[in-house]
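Beneath this line is the structure, given in structure tokens, with notes to follow.
When the chains are written out, they are named A, B, C and D in that same order, and each has its own residue count from 1.
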Amino acid sequence: MRILTILDRIDRRIVYLLLAVVVFVPLKWTIFSLPLPITPEVQSAYDTIQNMPKGKIAWISVVWGPGTQAENRTQMEVLVRHLFMKGVPFILMPWDQQGTKVAEKQVEDLAKELHKKEGVDWISIGYRPGYLMNIIKGSIINMNKTLGTDRHGTPLYEIPMTKGKTISNVGLLIETTPSGTLNDWISYLGQPLQVPIIYCPTAVMVPDGYNYVDTKQVAGMLPGLTGAAQYDELLHHTGFAQRGADALSMAHALVIALIIVGNVGYVLTRRQRGSA
Amino acid sequence: MILLANNLAFSLFVPQARPAVLAAYIGVCLALGIGFIFLLTAMPTRFRRPIVIATTFILGLFYFLEFMFPGRQMAPLRDRLAAAESGFRTAQQDLYAVVVQRNDVSARLAHAGQALNDAARSLDKAAEMIDRVKPDAEEQLRRAAEDASRWAKARGVPGKVLEFDAETGSISDIRTQTYRKRVGDLAKAAEGMSDARAAMEKAQSVSASTPPKEVDAIRGSLAAGADSLALARSNLSDNFLSPYTQPVGDVSVVIGAFALGLGIYGLAAVHAKAISGKRPGWLNSLAFYVAMIAMTLVGFLKDYLGKRPAQSLSESVYNILFYGALNALSATMFSLVAFYIVSAAYRAFRVKSGESALMMASAFLVMLSLVPFGVLITSGLPVHGWASIFRLENIGHWILLFPNAAAQRGMLFGIGVGGLAMALRVWLSLERGSYFDKEM
Amino acid sequence: MHQLASFIEQHSTAVILWVGAICTFAIYSVLYKENPYYRLAEHIFIGLASGLGIYMTWSDVLKPKWWDPMVGKGQWWWAFTVAAGAMFYFMYSKRNAWISRLIMGGMMGMGTGAAFQAFANTYFPMVTASFKAVVPTVLKAHIPRTEPGLGIDLALSNLLFIIVLITVMAYFFFSIDHRSRSMRGTASLGRWFLMFAFGAMFGSTVMARMALFIGRLDYLTTEWGPIVPLWLWMAAGGLLLLAIGFFLLRPRPPKKLDEQPAEEVVPVEPVAEGGAQAS
Amino acid sequence: MQHANLAVYILEGAMVFLILYKILSARAGRRLFIRRIPGLSAIDEAVGRATEMGRPLLFSPGIGGFNVVSLQALAILGHIISLVAKYRSRVIVPTIDPLVYTIAEEAARDAYEANGAPEAFNRDDILYLTGDQFAYASGVVGVLHREKVAGAFYFGDFFAEALILSENGQQVGAIQVAGTPQVTQVPFFIASCDYTIIGDEFYAASAYLSREPTLLGSLVGQDYSKAILLVLMVLGIAAATWLTITGFPSIEAALLRITTAFNG
């Protein structure tokens, strides 16, 4: 019965090692991709992009830094992939100094993969410190003047993608964020101009995010990494999102298995001691 | 009251632009401060405790009174806005009923129309009031600004200092600032009211034949209108202490910042002792010193070296220390929780007692409801209808929304009252315990 | 010096990645046990954070709020705050320690005076949010005024919400003995609900924490990983395997497992007293 | 809300009155009953055990700034330090705020002096460990392991680092007692500490430990205040339910007015 008593007290280091393996392996190699049920808020995010009228462009707001890139970068990745596939041009707007580099590199990689060109299919305005509300309100008056130049210093009115475009051409806002910046977008852009918003919060913020989904203040939401994985499935693509969701699933499975194992060991040990 | 305090501040606190005079003034201030502290050292013991008690009480009184006094100036206008807002909210509720329940629509709509008519009357009155009050406020603002500039000229204060001041809001120009805010708030209130009125007009056109989706959209804009009225109302509620909250907050933040030296001194002393005594681990203490000095140094150098090669070097070193080391250390330390949460769950969630079994059960359900493989277990159940409540994601959502939220709220009330009582005891110096009982 | 400078500037991205990876491994090593690498990382961490604290206190607080107004805009009266700040340092004086208590008392006063507004803004909305109807609207004939369409499910959920709220609050009454007849059932029910809620909070946090770990792994594999030469990967893999082997085969002192199962994990026998907590 | 309204005057006024009234009557000598809080009784035991084993204790006042929560944590610390000084044992206090640090140091020095052992007080045991959340956590983890603490107390504001601290304390085999007003962290303390003080037992702790009439009176006053809130909510629930049954417009209007007043 020794084996059963061991179940009662597995060394914590073995537990840690198990966790590391269980997360690392599905993250690195696609071993299995669990089918994901698509939740309504993700489906409506997908439909929003799918039904975007021709000639509209999208704004992508990057509020995150490297700390939450596992979730936020992945959400951005799947949405950018969809925009590229649909041929919707977009402007990348990074508000975080470190996140800027990570986000731009991600978009560059995707553009290379899908043969898209900077200046035609996408631009980035580079890191912008400053008050979000002022930039939105300024853009409503004159978008190209307020946003100024792209990350290489070319004025927006000279770039083919944005030449002659105004705020009325903006047909979508994607907010990828680990903090509470959504309200500014809703009050200054989403509600007044009826621009649909796709909200991509981190897992901790998801319960709060459902409030905005219920009130239809956001058109769709990608809840954390699992939301990104569902989106990937809608795109019939297998990428980091799917692997991350697998890793999350496996980690939870490990926790649940360990709890069961621990209880089996505990009950058996107690019974053994009781009979001895 | 504002006028009195402000005139006093005006004649006492004059910004000085000429460097020599400024230096002299600052010197005198420092000397006065030292003198004040010197006086305190000579204070007889029996006065010390009463002085501390009085200081605590008076400084607490500022925020207490600032909250407790309603703003008198605009009270009738606020009442009108409140009445209009309540009409909006009533109509909004009626429209909600219309959308959700399709029976008895006409009675509901009539009720909503009644509420909106009341709201419209209140809005008219409020607009009238604003029209009446606004010229006065503008006149007061103009006079305050004139006074300020005249007074500045008389005392040789360069206009630049003063003008700059008015924007950032310092104590010397609080009167102008107060009036400017009032004029701005009135304008914003008028803007909010016109937004609300537009929503209202749309709502008044709702009839029994309007499609539910449209009614729902109108309901949403009514709610937004009510919110903007509430905002306008709260903006107009400044009392005689409100303009001073910003300067008082700044002062307390600055004074608090000076206390950092205490902590850094203590930390540095511990490690200095370790190094000088060659205690075990003294090399780590050395590493602490190197890291601290390097970080402080490159932080300042990158800001104050101007455009020199050394500046760009310190910028790169700063990036390495901040993005490379500090961020990685912080993120990794945080992510340790992932490991500990597993080992804690494994160890603690045992069927040792009813309580731990219950905790385990709810953790289990919520965890399953959040991950794809858990959701798969019950994916066979229908999405709609009564059986859907047994789908795991719905169970998890329900647990978080009802029993969990209720238990948290029950705890929070106790914590809130406990905190309020503690604050009250400290404020009135009723608190007991080692630090608070000590003789001085 | 110049060479060092240009080297750092040219390779700063790589240096940042390497420093980040080394720091990550040093912190993770504490999972095995506390060791000199962790200790070094910990001291550097505290050093860097204090250094940043000093720099930020100047650049975010003292410069914009104190130095700039005082020197740049001629507001000489900010010099008084120096005296106020200096009062803290009297705590090291034996005779005049009370001066530090004066300024501490002032700071405490400011914090406590604001508590009344904080209480009203935080807890008053919670009171009205708890006004929930517990009867489904299908029970009566005419139109509901508030909460239209309150179905049986929502009504039952509301009822449960209120029962949980009341019993949990009852548990936290201190001046009533829980052993008294009126309270025994209510308070212990409240405790049960509390434990259920704690489980839910625990369960809903796991995902967010795992995502943090995935984030670190992602950093190591997709950002730092590509710049690491292959031989280093192989050497590291070999070392890891060796380490695992040593751990599994390490000599262990013989133990009587069946008699004292709690000893290995918790050297101190936990104070097992009923009702204190769940574990 | 920016400024108080009638609801605030009535409700907060009643609460303040009750708390002050109970404090005064307790000071006048009325005896008051307080129920048992088991976790707090364990503090004495932990201190005793640490003394027996000749190992130090650790007290963390949390990572909050200089606020009401930290002041309450310091009040609990005062009690623990005087116990420790009585036994001539050691307690290490890592802090994150300079002001909390100074008060802790003063409290410790006084406690040792009051127990006639000023030479036993070691200034290095009261630590300031930077203002950064996770740098602080890493420092406390280091102290837990290096000093092989026999008991650890966590009282104050804790956030994500709660589990990091308590799991490491668990690893070194310390008896751990924790209490925090941050409700979301309580489950993690329950999972890895021996005793956890829940909810506003945290604010009751200093009254329970010191049996000081002022604090006991305040605690009873708090009970009355909570009772007011509870009664108010029960009335509101009854009104809302009655409204769904009868649909009286007057009830609806009254509920709407109360809700508006309470939400500013």
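Simple rule for what comes next: contacts are C-beta pairs under 8 Å (C-beta built on N, C-alpha and C of every residue); 3 or more make two chains touch, one makes a residue touch a chain.
Small disclaimer: the values here were computed from a predicted structure and weren't measured.
By the count of C-beta pairs in contact, the leading chain pair is B-C.
Our note on geometry: chain B versus chain D, Cα centroid distance of 23 Å, whole angstroms.
Note on chain placement: the centre of chain B and the centre of chain C lie 20 Å apart, centres being C-alpha means. Between the CA-based centres of chain A and chain B the separation comes to 28 Å, rounded to the whole angstrom. Averaged C-alpha coordinates put the centre of chain A at 38 Å from the centre of chain D.
Shown for chain B are the residues that touch two or more other chains, namely 67-68, 256, 259-262, 264, 267, 281, 323, 327, 329-331, 333-334, 336-339, 341, 343, 345, 347-350, 352, 359-360, 364, 367, 370-371, 400, 408, 410-414, 419-420, 423-424, 426. Listed for chain A are residues 12, 16, 19, 66-67, 207, 226, 248, 251-252, 255, each touching two or more other chains. Of all residues in chain C, those that touch two or more other chains are 27, 30-31, 39, 41-42, 45-46, 48-50, 52-53, 88, 91, 97, 107-108, 111-112, 115-117, 119-120, 123, 130, 142-146, 162, 165-166, 169, 172, 194, 198-199, 201-202, 204-207, 210, 212-213, 215, 219, 265, 278-279.
In terms of which chains touch, the assembly is arranged in some other way, matching none of the line, ring, star or all-to-all patterns. Contact annotation for chain pairs lists A-B, A-C, B-C, B-D, C-D, with touch applied as defined. Of all residues in chain B, only 220, 224, 323, 327, 330-331, 334, 338-339, 341-343, 345-347, 349-352, 360, 364, 367-368, 370-376, 379, 393, 400 touch chain A in the complex they form. Partner chain C is touched in their complex by these residues of chain D: 1, 4, 7-8, 11-12, 32-39, 42, 45, 49, 66-68, 71, 99, 102-103, 105-106, 129-132, 134-135, 138-139, 141-142, 145-146, 150, 168, 170, 173-175, 183-184, 186-188, 190-196, 198-201, 204, 219-220, 222-223, 226-227, 229-230, 232-234, 236-237, 239-241, 243-249, 251-252, 255, 258-259, 262-264.
In the complex of the two chains, the chain C residues touching chain A come out as 31-32, 204-208, 210-215, 217-219, 221, 244, 247, 257-258, 261, 264-265.
Within the complex formed with chain D, the chain C residues making contact are 27, 30, 33-34, 38-39, 41-42, 45-46, 48-50, 52-53, 88, 91, 97, 100, 104, 107-108, 111-112, 115-117, 119-121, 123-125, 127-128, 130-135, 137, 139-140, 142-147, 150, 162, 165-166, 169, 172-178, 194, 198-199, 201-202, 205, 266-268, 270-271, 273, 275-279. The touching residues of chain B, counted against chain D in their complex, run 66-71, 82, 85-86, 89-90, 230, 234, 237-239, 242, 256, 259-264, 266-267, 270, 273, 281, 329-330, 333-334, 336-337, 340-341, 343-345, 347-349, 359, 408, 410-415, 417-426, 428, 430-436, 438.
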